[in-house]
Amino acid sequence: MSLDYFAALLGAVLFAAAPLLLAALGETISERGGVINLSMDGTVLFAAMAAFAAARAFGNPWLGLAVGGLAGAGVAAVLAFFGLVLGASELAVGFVLTLFCRELAYFVGHAAARQPGPDLGVLHLPGLSDLPVLGPALFRQSPVVLLSLAAVAGVWFFLMRTRSGLLVRAVGESPAAAASRGFAVRRVQILCCLAGGALAGCAGGFYSLSVKPGWGHPQGCEGAGWIALAIVIFGGWKPTRVALGALFFAAIQVAGIALQDVLPGLSGTLFQIAPFPVMIVTLLVVNLRRSAVFRELARRVPLFGRLMPRTAGGAPGAIAGALDKGF
Amino acid sequence: MDVVLSHIVKRFGAIAANDDVTVHFAAGRIHGLLGENGAGKSTLMRVLCGVVSPDAGTLTVDGRDYDGLCPEQAARLGIGMLPQDPLDFPPLRVWENFALGGGQVLARREARGRLAAVCARMGFTLPPDVPVSRLTVAERQQLELARLFDRDVRLLILDEPTTGISPAQKEALFAVLRQFVAGGERVVALVTHKLAEARELCDQVSVLRQGRLAGAFVAPLDPPAILSTMFGAETASLAATPPPPPPPLDAEAVPLVTLSNVAFADTKTVLKHLTLTVRPGEIVGLAGISGGGQETLLRGLAGIAPTVAGSLTVAGQALAGRSLPHFLRAGVHYLPASRMEEGLFPGLSLLDHLRLAFPEARHEARAIFANRCVAGFHLTNVPDAGAASLSGGNQQRLLLSLVPDDTRLLLADNPTRGLDAASIAQIWEHFRARAAGGAAVLFFSEDLDELLAQAGRVLVFYNRRLVADLPAGRFDAARVGELMTGRADGQEERA
Amino acid sequence: MTGRGSSLVRAGFALALALGVTLALVAAAGAPPVATLLVMLTGSLGSPTACLRTLSAFAPLLLCGAALCVTFGANLWNIGVEGQITLGAIFCLWLLRGAGDLLPPDLAVGLSLGAAMVGGMLWALLAGVLRTHGRVHEIFSGLGLNFVATGISLWLILGPWKRPGMASMSGTEPLPPVLHLPLWGGRPMSLWGLLLALAGFVFVAWLLRRTFFGLALSAVRQNMTAAGRLGLRPRRRMLAAMGLCGALAGLAGGILVAGLYHRLIPSISGNYGYTAILAVLLASGSLRALPAACLFFAVLTVGSIQLPLELSLDSSLAGVIQGVLVLTLFAARRLWPADTRGGA
């Protein structure tokens, strides 16, 4: 395997990971603030359609991307209104929204199906793109790669190093304690929800304007939102680990395509659905590490103790147990 | 700082939690608010710090009148509360919790600087980079106090601050409070149901009973007078009489519970090397501060925390490593401290609870309700009422009525927390009856006085180890307090 | 306002708002709003054939809706119901292909429905065990398994079970007519499907309302910890609920194969699973309101099939209306809360 091939593989993984990264980072902000947005999958799909349609209408893919982000924030606004203002179950509303947005995307996007449209193109930064391996992977690529990596850094810095980020984390840990100290809990949560939706919307735009360009029925990014939700859990609600999780899932998708060249007998559908059993397995591993059985094992065999998660639980206090208890 | 609450009325539904209450918090004093659980003390304090607004009455702060406060207003006026259960952000670090004091979020350097300054002033030692979940209850209290002092609190409310801390930590807290009011400008409002503490600390005391102001006293305080104001004359004598001494145990009796080098692994605590026997008819009290391991013993004996080593036998049945239904079949039953969250079903009726607990007799549920709940436990609710509508005392009564008669081992975690005196007396009578019938009762109480009064034997825990096993007559508050906080060697006390 | 009165107000408000939003969306998409509604109504209720088509969509919806009431009764969000329908269809077809000519036809069809139940039950138990013993939330496991089920059915259609000659996306080789569920006077619907759906619904109602299992299940739903402490074995009950739901959903898949399509097609579950979830949410978990909700949704689904032909609109309009209706009902429930009932 030559260096060029490796560089191409790396580039493909980063490219495929870009929308997953953005969606997972958006949900990380939202869940750190204590709001679970189950409408992720529908939001990504709807925003993909909106971004593509807008790009066609304005002839400008960047404007389309902005519209996609707005569309995502719009869906999140509906969730915030029902869940935080009206007080309905945010999980139930989120789930209904994901189905609704999917159907709405196909209905409204009927006219734009299988039509050509602009896409975000490919960067070609002189100098930087001549670096070995990293050069072509990062700089001779669609701009989505750099944007998504910038988002990782931005979200990490926001959550871990700024005062607003500290407030977000506090609200997510204990809304009651934050409220008793006089912080505007509901406002923080609404903003986190909107930010998450906006990033998911941009992820949709990344799909229809770059990674899987165009719009069709079915669109190629079905299921991506659910994988993003699982990545947030898998990554322990920490932006850097979430990013690694997104890269992992993207690598599975890319490996599927690469292996098809090597082993032509294996069916294409196998690789299309491969991320989903892997998603289940990763969640299983995350939970097993916290289980009583593993704790006991870790006590007896010190080696396993190193694999124990350091933080207890990991989920922000406001949502810990929400997914365990059911709705 | 001078605060007067005048004619405060606050209703929740049909019940008046506060009914025409007037209290004057004078500057430079430590003002105690006494009353048994359910008397309305917490509600009054929540009115004072703006969490709830009163239905009638006025608050007068430094001469200005208010119909009610909101939390931001109260904070600005300098009113702050240290709640009974810590209300902070456990996974965040100490300095981060401090930076989130209220109002503006502080930047890192400023937060650390101010934290260090306040700690130096008050004599606290708080490591700034440790997550709060790793602090002890007393340290979390100190962090809360540091936050309130930094925000220039002038009226400090403390709601039952001494539950869950050792006697020595209590003395340290009291010293801080005395220093706080020493300048003559600030006020402390201490909410407690313990007369002894009020005597030790307070300059003035207001007594609440069933939502009304029953009396106001000035130091030095006279216990009988206060007791009769708190409970009413007859109940006062009841509360003041010590419980009957436990009947002498039959030393030849076959042990009911035997533990041999057992290890219990609970979610956060592991209790190791437990060797213990309990005989039928014993009432055993567990003592310890939080993290000591006493709850783990209860949960391990109940089958909730798995046994990962050693052998555990109850009533002749080996139970180590077996699932919870086996424990139930062996006659072991557990009463949780959080009654609604761990023991009851809010949407189901009381009859449904009986049907679930006694499935073979579910068609006679109404008859069982009349016999057990009403006649036996004096449960005052209608059988079709939902469990969500039960008061604390009735919740505990319902839980007790769900425990089968042939129970051999009854485990109770804080069985009387938050209950009124009548319920408390009834519950202890029930426990004594069970013990007389041949069962064994193990209980944990954060209230050291209750523990020492009711237990025939005391097991003291410290730092996840059983440090002392004290038979009747060999324990008192000082000794147990020292053992609980690791200040004494329990070796010579192991029976 | 009495409970009865306020629930009518809520339903009326939700319906009116949903209608308004739908008309606005349709107009925004450039189609005549009233004509759209008329096309949908005639397509689903305009003729005897249309009514039968609606009923044949109603049967699997009702069956899945009743199945979901069991899992909702234990606080489980069984999103994997789509995959359970698919696996039921696969098991049904597998038995018919394998034993169709070895056994008398009626027995073969009957056994195939039983096999369908087994298939759905196994798929549901897989998600259930992942939840009870692996603490993986059933939304994720259900969804993941839905995609896996779709993959399995596609592989079968294009691989081992493909039509002789050329693999076709229109499905596997159709079954001989003797192996169909008996039709109703030659019309495009099988009465058996409807009867089985109604039987399933009645069974679930009896189970949840009148048995100890139903009471224990509602205890598990309200407080799993307390249920464990009383010795009710919550994990076992949750698995039983999942298994039962999967069996009924698998039966729906079997009815679709043996009674309607007579072969395996891609996406045989046809969104019935997700639509059934929405129907249960619309009925607020109440079994009494479920048949009406399912019928209404069946009308929408069948009516929207005509839209692409007649008005060049995507048939996903049905899903849009269904989603809006449930959301408006959520809003109405928060604005006019009912007295506490035993419902979900």
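Every chain is named by a letter (A, B and C) in the order it is written, and numbering of its residues begins at 1.
By definition in this document, a residue touches a chain if its C-beta (ideal position, glycine included) is under 8 Å from a C-beta of that chain, and two chains touch if they have at least 3 such contacts.
Values in this document were obtained by computation on a predicted structure and should not be read as measured data.
Colleague: When the mean CA coordinate of each chain is compared with the mean CA coordinate of the whole protein, which chain is closest?
Modeller: Of all chains shown, the one whose C-alpha centroid lies nearest the global centroid is A.
Colleague: What chain pair shows the greatest number of contacts?
Modeller: A-C
Colleague: How many angstrom between the C-alpha centroids of chain C and chain A?
Modeller: Once rounded, the distance between the two centres reads 29 Å.
Colleague: Cα centroid separation between chain A and chain B, in whole Å?
Modeller: From the centre of chain A to the centre of chain B is 44 Å.
Colleague: As a quick test, compute the distance in whole Å between the mean CA positions of chain B and chain C.
Modeller: 50
Colleague: Would you tell me which residues of chain C are touching chain B in their complex?
Modeller: Going through chain C, the ones touching chain B are 212, 215-216, 218-219, 222-223, 225-233, 340, 342.
Colleague: Over in the complex, which chain C residues touch chain A? Could you list them?
Modeller: Listed in rising order, the residues of chain C that touch chain A are 25, 28-30, 74-77, 79, 130, 134-137, 139-141, 143-145, 147-148, 150-151, 154-155, 158-159, 221, 224, 274, 277-278, 281, 312-314, 316-320, 322-324, 326-327, 330-331, 333-335.
Colleague: Which residues of chain A touch chain B in the complex?
Modeller: For chain A paired with chain B, touching residues are 163-164, 166-167, 169-170, 173-174, 176-183, 292, 295-296, 299, 311-312, 317.
Colleague: Would you tell me which residues of chain A are touching chain C in their complex?
Modeller: 38, 78, 82, 86-88, 91-93, 95-97, 99-100, 102-104, 106-111, 217, 223, 226, 229-230, 267, 269-270, 272-273, 276-277, 279-280, 283-284, 287-288, 291, 323-327
Colleague: Which stretch or stretches of chain B touch chain A in the complex?
Modeller: Listed in rising order, the residues are 51, 71-72, 75, 83, 87-92, 96, 99-103, 105-107, 133, 265, 268, 270, 306, 308.
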